[in-house]
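What follows is one structure encoded as structure tokens, with my remarks underneath.
Chain IDs A, B, C, D and E follow the sequence of writing; residue 1 opens each chain.
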Amino acid sequence: MARFTRKSKDEIGRAPDELFFRGEKKVENVRLRVIDFDSNQFEEVRILKTKEVIKYREKPSVTWFNIDGLHNQEAMQNIALSFQLDKIVLADVMDTYARPKVHDYDNCISVSIKMLQIDDATDMISVENLSIVLTKSVLISFQERDGDVFDPVRERIKNEKRRIRKSGTDYLMYALLDIVIDNYIYIISDLGEKIESVEEKLLDNPDKCILDQINTLKKELNFLRKNINPAQEMILALSKLDSEFINDESQVHFKELVGNINQAVESSDSYREILSDQLNIYHTTISSKLNDVMKFLTVFSVVFIPLTFIAGIYGTNFEYVPELTYKYSYFIMWTVMIVVAIGMLLYFKRKKWL
Amino acid sequence: MARFTRKSKDEIGRAPDELFFRGEKKVENVRLRVIDFDSNQFEEVRILKTKEVIKYREKPSVTWFNIDGLHNQEAMQNIALSFQLDKIVLADVMDTYARPKVHDYDNCISVSIKMLQIDDATDMISVENLSIVLTKSVLISFQERDGDVFDPVRERIKNEKRRIRKSGTDYLMYALLDIVIDNYIYIISDLGEKIESVEEKLLDNPDKCILDQINTLKKELNFLRKNINPAQEMILALSKLDSEFINDESQVHFKELVGNINQAVESSDSYREILSDQLNIYHTTISSKLNDVMKFLTVFSVVFIPLTFIAGIYGTNFEYVPELTYKYSYFIMWTVMIVVAIGMLLYFKRKKWL
Amino acid sequence: MARFTRKSKDEIGRAPDELFFRGEKKVENVRLRVIDFDSNQFEEVRILKTKEVIKYREKPSVTWFNIDGLHNQEAMQNIALSFQLDKIVLADVMDTYARPKVHDYDNCISVSIKMLQIDDATDMISVENLSIVLTKSVLISFQERDGDVFDPVRERIKNEKRRIRKSGTDYLMYALLDIVIDNYIYIISDLGEKIESVEEKLLDNPDKCILDQINTLKKELNFLRKNINPAQEMILALSKLDSEFINDESQVHFKELVGNINQAVESSDSYREILSDQLNIYHTTISSKLNDVMKFLTVFSVVFIPLTFIAGIYGTNFEYVPELTYKYSYFIMWTVMIVVAIGMLLYFKRKKWL
Amino acid sequence: MARFTRKSKDEIGRAPDELFFRGEKKVENVRLRVIDFDSNQFEEVRILKTKEVIKYREKPSVTWFNIDGLHNQEAMQNIALSFQLDKIVLADVMDTYARPKVHDYDNCISVSIKMLQIDDATDMISVENLSIVLTKSVLISFQERDGDVFDPVRERIKNEKRRIRKSGTDYLMYALLDIVIDNYIYIISDLGEKIESVEEKLLDNPDKCILDQINTLKKELNFLRKNINPAQEMILALSKLDSEFINDESQVHFKELVGNINQAVESSDSYREILSDQLNIYHTTISSKLNDVMKFLTVFSVVFIPLTFIAGIYGTNFEYVPELTYKYSYFIMWTVMIVVAIGMLLYFKRKKWL
Amino acid sequence: MARFTRKSKDEIGRAPDELFFRGEKKVENVRLRVIDFDSNQFEEVRILKTKEVIKYREKPSVTWFNIDGLHNQEAMQNIALSFQLDKIVLADVMDTYARPKVHDYDNCISVSIKMLQIDDATDMISVENLSIVLTKSVLISFQERDGDVFDPVRERIKNEKRRIRKSGTDYLMYALLDIVIDNYIYIISDLGEKIESVEEKLLDNPDKCILDQINTLKKELNFLRKNINPAQEMILALSKLDSEFINDESQVHFKELVGNINQAVESSDSYREILSDQLNIYHTTISSKLNDVMKFLTVFSVVFIPLTFIAGIYGTNFEYVPELTYKYSYFIMWTVMIVVAIGMLLYFKRKKWL
């Protein structure tokens, strides 16, 4: 499977309102959790039949449906019916490979974004598509699998003094998206620490293993960027959306999100440049080390060349070579050789070739 | 023929409304297929004479003319007459090398886009210009050759429960363009799989053949990008078009198209970066392998240099060389040589030159 | 003379309405050709005195003045007077080094663009500044030298059935600019063929001569881009111009021009990337060939090093070397040498160093 | 800790109005300084209890609260109460890692920017988050630690002839931001001097230590850019802000700020290019030096090769080698050797290989 | 002093209306020249006291004050008083390091731009800050030193037939800025000639000195770009300025300026690419020359290696080596050696390694 786009031949030509699950099935059963609250009351239930949700539809209190698992076509159909959503909205939700986007429908806003999380056990980054459908009093969030990532929001809702208890669905949506983007920043800063720790090793003792590490980090960062950059566009569009479902007071929060996602994107850009600089430093260091080795070896050979030549001269079998008969010749040859060798070494030293 | 632009000298200076076929003739005969439907009835016929089409012109039901083959000037003239289209519209349709574009004429919208398909037999990507002319109740699609790529749409039309049966020509146009863009994504994801499969081979055992593969993939990707990127601009223009022929309800679908084409372009950008990274990794690996070889060979030579020098010393013919007469000299020489060689090897090992 | 900008010191500080010819004088005599037509009549004359033109000024029919040669200050002055043009307009026309631009004056529109043509004899690209001054019923085109590049338009005007005969000066301007841009595309596609033909040679047998060819093509392409890119901006400005001299019906044609020039610019961008890729492939191939040579030669030397060492051992003059006296020693030495050499070659072969 | 983003896991999911200090605690105690002035009077006091500030709230004179230290949650709460600020405003102020931004609240404007300063002792750049909250008659500035960077502004306020005494809080804000941006420019110009001083050393005698210096400067510059570039966006947004708290006369000053921050960003871009050019020059020089060394050594070896070969020839033990018996052979051999060596050296000299 | 930004510590925190000279003092005395003209009269005087200027303030004729030298605070104060200019305007004028900008004040427009000139004696480019303050009937130009660069404008003013005599201060400002930008283009074209002349040398015989030349040209071009690029922004802003001081008829001239500055910027971009290509060509040529040398030397050594080996074989002292006793062995050895050498040379030739 290609990592950056996935499209199989039989997916071509489907109607936009066909409820067809595109993605991997990540949980067995669809799970529905309902939180209903206003400034006075709070209720948290787990429901089993999608049809039970109807009673919440017309209640003026804020109702948050959290649905884990998207592959069940029938459940989806029921949800669409219960909330009178166009089938296009849910078809979008079920396409987990789609690009983050905002759609302003007549009776709802639909938002989708990639949720990134580090799995603490494997240190791998998992991707999940989060879709949010927003009406005046109901927010439905669709996740691909069970997750406790939104627990801090649930805690805040339980505390009746918190702003979230007095605000509408738009503020709730902000709170959820804020957690998603905070996770982006957390992951980038985690990756950033790894990248910065490479730096020290790089200057001490660069080896092949550092290179592999840099290439791996680069691939991970590219993967992050591929998921985060389209979200920037989406968040910006959301902050500019003029919809009846978003109060003016919430605008300031969505602007905050824009600032955060921009910070995430800028940081990932910075780390990308740092990685590219590290690669350059690696190659420079490696090649400069190799050059030192080759220079040393070459100088070594070069010193022996004239010595071997001298020995060669007196290995000739000419009948008349005056030096051969002189008694101290052999020792003189050694002296000359040592002088030549030391002279060359000094010369190379002065020239800074050694 | 140049791959990216084609213009021969005699094409310069033609009038914009001259019906002149620019392109390769890809089918022998022009073929006309008519599908006429509304929510109640469905009719599919193949007509032979272009004049027969007139009767569909004023019918309120949605009529889809599919014309395969563009080279027949007379047929084109008849179509223009039958639908009261300006000759400029059809001249555009016949220029199969033109850039994807949208034109908002007085009595129609004209859209053109490159249709890319993988030929399963040869694994080659074929390009074809698709033009769509849209009026209130008629959609005419022009293809360069026979094709069954739009069959899923035909199927959906036959099923009277589908949204397409209740919608107008704008929705039909969306459905056709959706298939074209889905094909883009499919081709990119197909190419992407090839690119990602190179990666593994690259780390195992890079050879010249991998390099050729990367260069080929790069060329293919450039070819894709050259065809897809201008379409992005066109689709964006289409989604912003304010025309009587496009209903407000269809806007959401055209926005969907924008998202899809953006995803296609972004994926192709990602794969381009990946290819460029792969090229870098290839060169790094190759050059580091070469360096290892050269280092090994140099060290090998360097070890023999002092040994050969020692042998040379005792090959001199000086009359008085004390060592020569000592009985065990020869064996001592061997010992010295072995010690020197082992010493050097240990030194190089410690310096990590081996 | 610098190729990309030309400004001599004494040109600094001239008034904008000073009729000063900046450029090379490319023809001896100024030539005036007049074509006057409407849907009913057609007239083509060559006039000698610029003053004769006055009679066409007030005629409602479309009048096209084609002026070849710009260096004659007096003729220019007369033209300005005859058509009541501001001297700034003509000063602009005479500055053949200026950047392509559109100016919307009170009583006319002035357009200038670089006209590129391949000289068939020398295969060189010639540049010429084309200026067009447009009023309601008169179009004046200024060329630097005689040329028959607009002949297809003249032919179309002669044919009374053509749209051009029924249209105004704006359509005529479109037709002229269309030819200029078609020539851009033709030149790019011509260059593109050369670039693509390099590719094949590049893979077969890259030599220094290919490198020179690539560098030459690169320079030619840069030259093209330098001339074409500013035209893109100009054509876009023209298509957005809201002027009384341009009818709404002509807008569609100017949009066509925008599409064409965009295609030209994109193609030149593509070819630029291709050239840059080719350079990379060239360097990679050359360096990989060199590496192969060096590796071969090094391996060759390395094989002889131990052999020479063995010979050296038995060239020593020690009194007691047991092997020397054994009868078959010499042949054993040869055997050992051959075994060592073959062993090394096999080792290198297995290591893929050969 | 990662240098470019910092986010710990427990920070995810906090409410936007929770007063939670994100950053390092840089001073022990929170310090409050109040300056209250109008064109007639001036008063400077240090207050100890945050509740004392209430009396300044309704005074029409300009009041500037300078608060050093942000970690005290209770003090912050009191400030929020005293000035009737939304808790979101102060929660923002306490998030010292946030991106520079402007927020236009109902009853105030909030601005935050990174304040960079060179510590003279260590020559290190310190970063501090400066937040400014602006109402009609009150400006509150929040700094992370005590600082005298705004002393010039205090001096100007004391002088009753200065414009600042006659202007409102908007002018005061301008004056503070102006100092921040002047510090940017000062730091860049300081870094710039270091960068330019490298250049001279680079051409004289490039060594490893220069490379480290360039890499260090590059890292410092990246750090600067990461802090300054987002400020550019913020200042631009501020200059375009249409708020009741900013007088029209102050617009010209904010435009000045835009010019200054643009200059800072452009200069940092220029220095970035210079650093990258310096890296290139370094590598070119180093590699050209190495090449000279290798060329010299290779030529040296090559000269001895034929000489050693000649000596080898006459070291053979053939019974019949005519030259061996001739008396002057040995001297002739020397002569030949010297001639060969000189000939080769001359040849290499002429070929410019030496 | 840093070349691209200059800011000393004590400049931080100055008030925007403080008349503080930032820059180098380039002339000793401030000089004032006044030209006063309308279509009927012309007057040119040199005045000594700044107070004399008051009489021109209310005259309806166009008055051009040219002030050379900006360091005299008192003179500046007087000018501000005489023309009732805000002190901010003059403080801006005195900051010669500021970025080119336009400010639209209530009673004047202020424009500043860098004036570049080639000093003919030293061939160095000098930079000077030109500020222009424009009111309805008065234009004040501030230069850092005496200069005759505006003499062509003075000449045109003297000639009463010229447009400038009939136009207002806005046209005068255009004329001055036009000269500044013409100087940009002149300098770029001068630099361009140098750059293009390098090209020829580059292909003939690249040496270290060419490299230094390219690096110097690169630095000069960067310096130019740093000064010209911000001017582009300024000129664009000026052309879009909607001010009472600029007549509609002058708009066309300011648009002309936009075209010229765009041409300057584009040309500098082109030359930048050319320089970067030249650097590449240089490195390619140098490295390909080095490779040729190394290849030659390596082949040379390799040819001798088997010959020396053969000689070594017959230098061994084995008692029984059959070849040694054969009479023609020595000559056969020579023959074999020559055959081997020629064989190898032919092989290398065929392989194109020589």
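Throughout what follows, a contact is a pair of C-beta atoms (placed from the backbone, for glycine too) under 8 Å apart; a residue touches a chain by one contact, two chains touch by 3 or more.
Keep in mind the model is a prediction, meaning the values are calculated, not measured.
Chemist: What are the mutual neighbours of chain A and chain B in this structure?
Modeler: Both chain A and chain B are touched by no common chain, going by the contact rule given at the top.
Chemist: With chain centres defined as C-alpha means, what is the inter-centre distance between chain A and chain D in Å?
Modeler: 26
Chemist: Taking each chain's centre as its mean C-alpha position, how far apart are chain C and chain D in Å?
Modeler: The answer is 42 Å.
Chemist: Could you list the positions in chain D whose residues touch two or more of the other chains?
Modeler: 294, 298, 301, 308, 312, 315-317, 321
Chemist: Have a look at which chains touch which and call the overall pattern line, ring, star, complete or other.
Modeler: If you draw each chain as a dot and join those that touch, you get a single closed ring.
Chemist: So that chain C leads and chain E is second, what is the order of every chain round the ring?
Modeler: Starting from chain C with chain E next, the chains run C, E, D, A, B.
Chemist: Show me the residue ranges of chain C that touch chain B in the complex, using the header's touch definition.
Modeler: Within the complex, chain C contacts chain B at residues 150-153, 156, 162-164, 174-175, 178-179, 182-183, 185-186, 188-190, 192-193, 195-196, 252-253, 255-256, 259-260, 262-264, 266-267, 270-271, 273-274, 277, 280-281, 284, 288, 291, 294-295, 298-299, 301-302, 305-306, 308-309, 312-313, 315-322, 351, 353.
Chemist: Could you please specify the touching residues of chain B with respect to chain C in the complex?
Modeler: Those in contact with chain C are residues 1-9, 11-17, 88, 98-99, 101, 103, 105, 208, 211, 215, 218, 222, 226, 229-230, 279, 283, 286, 290, 293-294, 297-298, 300-301, 304, 307-308, 311-312, 314-317, 321, 323-325, 327-330, 333.
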